[in-house]
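Several structures are given next for inspection.
There are two complexes below, and they share chain A, which is joined by chain B in the first and by chain C in the second.
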Partner chain A sequence: MSLSRRNFVIATSVAAGGSMVLSACSSGGGGNSGNGSHAGTTKYTGHVTVGTKEDSTGPAPEIPGARKGGNIIGIGPDDFSHLDPQRIYFAWNSTVANLYVRALTGYKIAMDGSMKLVGDLATDTGTMADGGKTWTFTLKDGLKWEDGSELTVEDVRHGIERGFASFTTEGAQYVQSALVGSSDFRSKYKGPFSNKHLDSIVTDKAKKTITLKLKVARPDLNFTLAMHSYGAVPVSHDTKDKYDKDPVSAGPYKIAQHSVDKSLKLVRNPHWDPATDAIRNAYPDSFTFQFGTESLPATDRLIAESGDDQYSVMAYSGVPAERLQKVLGDPQLKQRTINGLLSGLYYYAINCKRITDPKVRQALNHAWPLEQIRRIYGGQAAGDYATSIISPDILGYAHQDVYGKLQKPQGDPEKAKALLKEAGKLGQKIVYTYPKGSNDAYTKTAVVITNALKAAGFDPVVKPVDSTSYYDQVQQINNSFDVMWFGWSPDWPTGYTVMQPLFDGATIANGSNNVSQLNVSWVNDAIKKNAVIADPAKAGAAWEDLDKKIMTELAPIIPETFQRRFYLHGSKVGGALFDPLFSAFVMYKLYVKA
Partner chain B sequence: MFRFLVRRTIGAAVILLIISAITFFLFYVAPRDPARVACGKVCTPQTLALVKHNLGIDDPLPVQYWHWLEGVFMGRDYASYGHCNAPCLGYSFINREPVTGIILDRFPTTISLALGSAVVFFVFGVGTGMIAAVKQGKALDKIASSASLIGSSLQIYIVGIVAMFYLSDEWHLLPRPNDNSGFTDNAGAWFGGFILPWFVLAIIFTANYTRMTRSQLVETLSEDYVRTARAKGLSGRTVFFRFAWRGAMGPIVTILGLDLGSLLGGAVITEQTFGLHGIGAVSVKAVKDMDLPMLLGVTMVAAGAIVVFNIVVDAVYALIDPRVRLA
Partner chain C sequence: MTTPASPSPAAALEVTEEDSAASAKPGNPKGTESRSPGRLAWTRFKRDRTGVISAFVVIFFFVVGIGAPLIAKIYGKDPYTTYGQNDPSLLNDFGFPVAPNGGMSGDFWFGIDPQLGRDVFTFLLYAIRNSLMIATATTVLVAFFGVVIGITAGYLGGKTDYVVGRIIDILLAFPQTLFFIGFFPVMLTILVAPDEATPTWLIVVSLITVMTAFGWAPIARLLRGEVLALREREFVEAAKVTGASPARIIFKELLPNLWTPILIQATLALPLYVTVEAGLAFLGVGLSDPTPDWGVMVQNASKYYQDDITYMLFPGVTMVIFVIAFNLLGDSVRDALDPKAGR
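So, the complex of A and B:
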């Protein structure tokens, strides 16, 4: 789900095109004092809570003024890379998967952008036992596949067990690892195709229950199971590798026609019963996705709105920086935009193995020129200053700013210098790296970063790495970089999905996402402890505390921005809402205006 | 003629074989590992090895190349897909489909674009060139010559975007370029979708044909045999069309054949500019995705189109100009 590490690669190279709004552009609100207020919205969207059984009961609340019928066109640069739920990881694939894939749980998004985790196929968000090691879900009545056959607990189990198959390497691996207790889970189980099932999943067809018995406690498993990687697949219609071309729908729409990289058409699934679905509205009769239009020409098309483009939306690639001013400067165009923060955080990882003194790392945080950097990205419209590890879309998020960056977003060289002096490290050499060739903006930010570091008493050396091998190089344990541009987007909105991969010392290895190589026992212990807190609200608060403590005492990263993305839609499109999880339109809420 | 065709066909096959081998081996010099694309967020060595096996890229290079050649001539079986009929140009692991199918799916757009624009630029180019040659030195000639100079110095990505902006978006005179309808399912919509790309592509190409036709005609019109024909009392029209025009057409047909060949291999920039989904768009995407089978497929189609049209051009040349003999 959501932006993943690899999405950052993609986003900064080609697939997402201008969607990361990172090409150079002045103003757009840049150059002001930059207090982190939100351009275009008054509050953070994406606030998440866990819903009740009532919340999980369909149908989804009607959208006032919405009407049935018509066709919505989604314009995007590239085709969806996968349609097989078990092979779906990237956010942009999930925007379409929402229309035909259903998993045990899912997110019910209100029109104000707030989210509730609810039961999707299941009647509620599951019953946890054994401290998070055992999870039981009951299926709703009336669930059907697009051919009218019943969707059973076996189909749900099949979806989870398919994640072990040799052809589903692209999907998420969390549940598989937890079920067999090993990250090398394919050596323990080969998938359901020889009629062998996992002992750790127990189904009861009569009672419609499915129980997952994990080897490790996962109190937020109900969040994990909302990932499309764990969507149900009908046992009797599974075509294995070919399922990716023609998946069977359990949602309101089914795939009618697909021409690779050109178009994808979805039409109503007559066997979907809205009474079983608390999440999805389904107003249009069909959706047509048209591929091959990059974000800039797509924006121009939507500005011009000729012909059917009035019924179009930018499917998953947002308004690029060079058009932001035009779009936001024209009230009529601005009315046709939606925007929201991308889930996750852009930051700079400090290599704790090389920069061992926390004081130096704290000095780096003080010195970092957030304002100048954001101005290069396009100013205030490009996003909000990040002042914590945990992003606003995470359950339990509370604003904090231990380095006072909102007061001095341009950097505080005096404070940085004082800390360096205290540490006896004035003139400390800092090797900074960023991916080169993917985005002009990073070359420009390197200049302002260098200037700020010099002003704060550092001796900066910039060593860019070619974007095609950037991640491979910075994820080497023995790399020669001190500060590395990086980004992380969680797979579901709990603190565990941020703190564990980024700061658990046990994960340090070549290719690990703990790029800071932080390995501190109290952090490792806290991660272990927080991971098994059963109450989501308490867990959220515990992760927040850990965030603050890590940033205050260890400063292993320099948070940069929570980036914002803008999308345009045609004037005949209603129900436009920014999906806080997948950072695009919530497709199933759109409708065609009369 | 027959011997000529056999000889040229064998030559073409050798050229295509060499091109395929070069493309295949060059791809592996690239620093990126295509297996990483399918290896998930936490890419363990075990998963990476599994992906490599799934993609068939764990064999030594020459073995992989040999399998590819086998597929082209005899078809091939893929573990994940099943049988791929000959000519199987490979299995695109990004699109999860045989390459041949994707290319066939896209070919209508490429053919529509290439042939449609060829009609426009050939008619306009040769027509203007003829007028310029006949009115040599007069105002019409000067206008035609300067227009062609301007035309040939323009770029599709500028003319295309400007034309699209004004003609489609601002003034709504022409539909936005699209390839949503095929010729057989809705000829009107097909025509509307392609008309702008045809003319924009033609603006760039027409210039060459105007200049070429003009200079060829001017040269032929001063040839001895043309003068002889005139001296024999033949009418100006007969002299022009039966003698001068036919003589001048040889080189122009040659260029047309080569242009068509390269357009059928995919008009990359034109397709990108107008958001069309032909072979050109496929090749751009294949490069972006490191999709070797796809890349190899489109390279072979493009190279094949050029090689075939070369042969056609040589044969047609002989038909037009009796002085040329195929030996």
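So, the complex of A and C:
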């Protein structure tokens, strides 16, 4: 699906396993064209396992048949909005950050799509003590910045402390709030620029260790630290807010040239030592990103494949619904696709401040026409129906379908009407909004949604908002929308990164991701309680229970789809692999075929 | 929006002259019987085969547009129901019509549209209806304001003429399409409450208003020029000398001589507004999806033409036929009213 790159408000998505795309990648054997079937992956290979010290030791396993050299072109609709690691939170920025940012931990993706959390800068995924309140990491030997200077524990600490600075508000906030024990962490510490360091981070330069002493237990901190928001930044080369323009590389590539909104060129970083990196292969000599091509023209360019387009990939925008049939129906083209299921959830947030009666919210859930919506997105190929908040990739997921949506994906107007009648709200006005301009599909889904709501006894009003200001407007607490198109991708595969940002009443504010504005005390308490359960299996079960309870009793959202994306690459590109973390190509595994 | 082509500068100014010239033709068997200029033009028009055929095509479109609800009722479908979504056998899993040629069948004469599965035939009927309604209303208003302002400026002259002339200059130099794109959403946000749907009539009214606001200038400028030339002629002088009021001079002396350019301009303007309106819808201003419209259809179809060319064909071909027919009609009307400008 072509839901644009801002699909997910926050999308350093982790979870989802790779994809069953072997036949589609370089190894060849294209399947026959599906007669209406989507021919995509059906498996959520989801769970990330935690790797050992051996897994964390470089170099990354070679890809059979890969060769060095050449230039890979990434085509994308928009320039990366941030290059400063501490300001990176959106998935598409992470696609490029993978090439030059390194954090303590990272995800090692095998060519079959399975994922392991391993140490990236650290030798392993860290040692936890005090039930998750203390975490210690040791740095690898031979880590260098692009100018040849050594990457030290101070640089790692600097990267974490920069997250407190006044100019890094775009990044993730999990570690900062855990370190000071308050979500208002900027008032307690202003960042490292006044030469003051946090007491809660202890570094030992000789032993190369860094210890984080958290105020609250975070048993999954090793996952959190894999986010690019916690990437290392060199103390000596930090240009503060100007660092966003020209960050220093610790990875296999460094930024050579950047013309804003036009192109970005990365070339090899000679000081990167493959022996220190268990995650990244680095076959091409350079990467060139070209911006300004929307997904439909980008698809057409890759179908035509003239000239240098043979070496290009649709960097982070998928094949749109309009071309799915063409691409999947042609065996030649299908061979050049990769696909995968996202671990994020697309849903419709119901504004609980305006629609206060849970019965009305349940009626909306019953009435919603999932089947029609998905057909507009491209049918089965576009993904699976979502019936819960937590996606199959998340630890503890168990299938549930409170509203029987799998039996009646086209909506159940009778049941909705009955519920509305019971609530005495027949003819309830519903103001529905979606981002206009980014994707034509939403204009069409609005048509089927309107029809379904009318059939169920609602009075639908459609108010599209321009896509450039969409998030700003729906994230206002006093907005005038009842149902809002929205999406969320977890930052790592545990329930905490879904439930806390979306349903914790304490986070409600302008710009908050709790767009439903749900503020129920038992939900808030459960989130606090579940977050500190140290045993992953028990925590998973607790989140799953909470999911079911929220959906049954409160129905603050209408889950829509777990989406499947298809991406095209040129015929000279090898090593194509779907990146389940950021729903894009895994850039550092690509190579140019001879 | 481009400026309508101005008629040839040699357009007839005096019907009276022409009349006498025509009746004096030796080939006329009943030379003594006097015929009105309108009748003469009609005779000439009837002789023009292209013009007559175009006229029939144009009339057909108007009849179809006006009769759209009736036709849809007899045909038994409406443009809003998503038939393909309601009946899974019509659309395949990718949302494209299952049947060949865009899903054409006995039930759906022109097929169904991809993804939503609406009936293309009725959608097109209503699209023609909406487009023609907007274009006709705009043309009538543009002609009215153009005539009033143009004649006033030309007849009064002096300061009035100067001010009107400068306004026309500004309007003609204005980047209108950009203005529409920028101004339209802002205007709608101001006019519509944030939790109310934007009513279609408001969009239609604003479209007509905005297109009229920019459209009257070319006609006004043309007529001003014509009036400038006419008001110094002897018959106007004579009327003035006999003490005729300015109103009488304008309506009885000047206007009869101006019908030719007005009519020609109007016939050329109408197809122009059809395309302008469709173009705006295509660009995402003006009418938008659930409302049937030519531009909306072409915009939708442009995304699917690789897999479903039929869907592009119907709105595209009908629009081309209409615009060509109307332009040819405009040419014929000019030829009929203005034989001196012959080819």
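As a convention for this text, the second predicted complex is superposed on the first by the 383 of 594 C-alpha atoms of A that agree within 3 Å, B and C clash if a C-alpha of one lies under 4 Å from a C-alpha of the other, contacts with A are read in each partner's own complex, and residues count from 1 in each chain.
We adopt the following convention: contacts are C-beta pairs under 8 Å (C-beta built on N, C-alpha and C of every residue); 3 or more make two chains touch, one makes a residue touch a chain.
Computed from a prediction, not measured in an experiment: that's the story for all the values here.
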**Message:** For A:L364 in the superposed arrangement: first (chain B), second (chain C), both or neither?
**Reply:** neither
**First, second, both or neither for A:V447, with chain B first and chain C second** = second
**Message:** Looking at A:K242, would you say it contacts chain B, chain C, both, or neither? Reply first, second, both or neither.
**Reply:** first
**Asked** After superposition on the shared chain, which partner residues are touched by A:F167: those of chain B (first), chain C (second), both, or neither?
**Response** first
**Message:** If we overlay the two complexes on their shared chain A, which of chain B and chain C does A:S259 touch? Say first, second, both or neither.
**Reply:** first
**Prompt:** Between chain B (first) and chain C (second), which does A:S81 come into contact with in this model arrangement: first, second, both, or neither?
**Reply:** first
**Asked** On chain A, which partner touches more residues: chain B or chain C?
**Response** B
**Message:** According to the stated criteria, A:R375 is in contact with first (chain B), second (chain C), both, or neither; which is it?
**Reply:** second
**Prompt:** Which holds for A:E322: it touches chain B only (first), chain C only (second), both, or neither?
**Reply:** second
**Message:** Under the stated touch criterion, which partner chain does A:L345 make contact with: chain B (first), chain C (second), both, or neither?
**Reply:** neither
**Item:** chain A positions touched by chain B in one structure and by chain C in the second
**Value:** 466
**Asked** Tell me, which parts of chain A touch chain C in their complex?
**Response** 36-38, 296, 321-326, 328, 369, 372, 375-376, 378-381, 429, 431, 437, 440-441, 443-444, 446-448, 450-451, 461-463, 466, 480-481
**Request:** Note which residues of chain B are touching chain A in the complex, please.
**Result:** 31-32, 38-44, 46-47, 50-51, 53-54, 80-82, 94-97, 102, 105-106, 165, 168-170, 172, 175-176, 179-180, 275-277, 281-282, 285, 288
**Message:** Taking the touch rule as given, give the residues of chain A at its contact with chain B in the complex, in rising order.
**Reply:** 4-6, 14-15, 78-79, 81, 89, 166-167, 169-173, 183-184, 186-187, 240-242, 244-245, 259-263, 290-293, 297, 300-301, 303-304, 306-307, 309, 466, 468-469, 491, 511, 513
**Request:** Show which residues of chain C lie in contact with chain A when the two form their complex.
**Result:** 81-82, 85, 91-96, 114-116, 185, 194-198, 284, 288-290, 303-304, 306-307
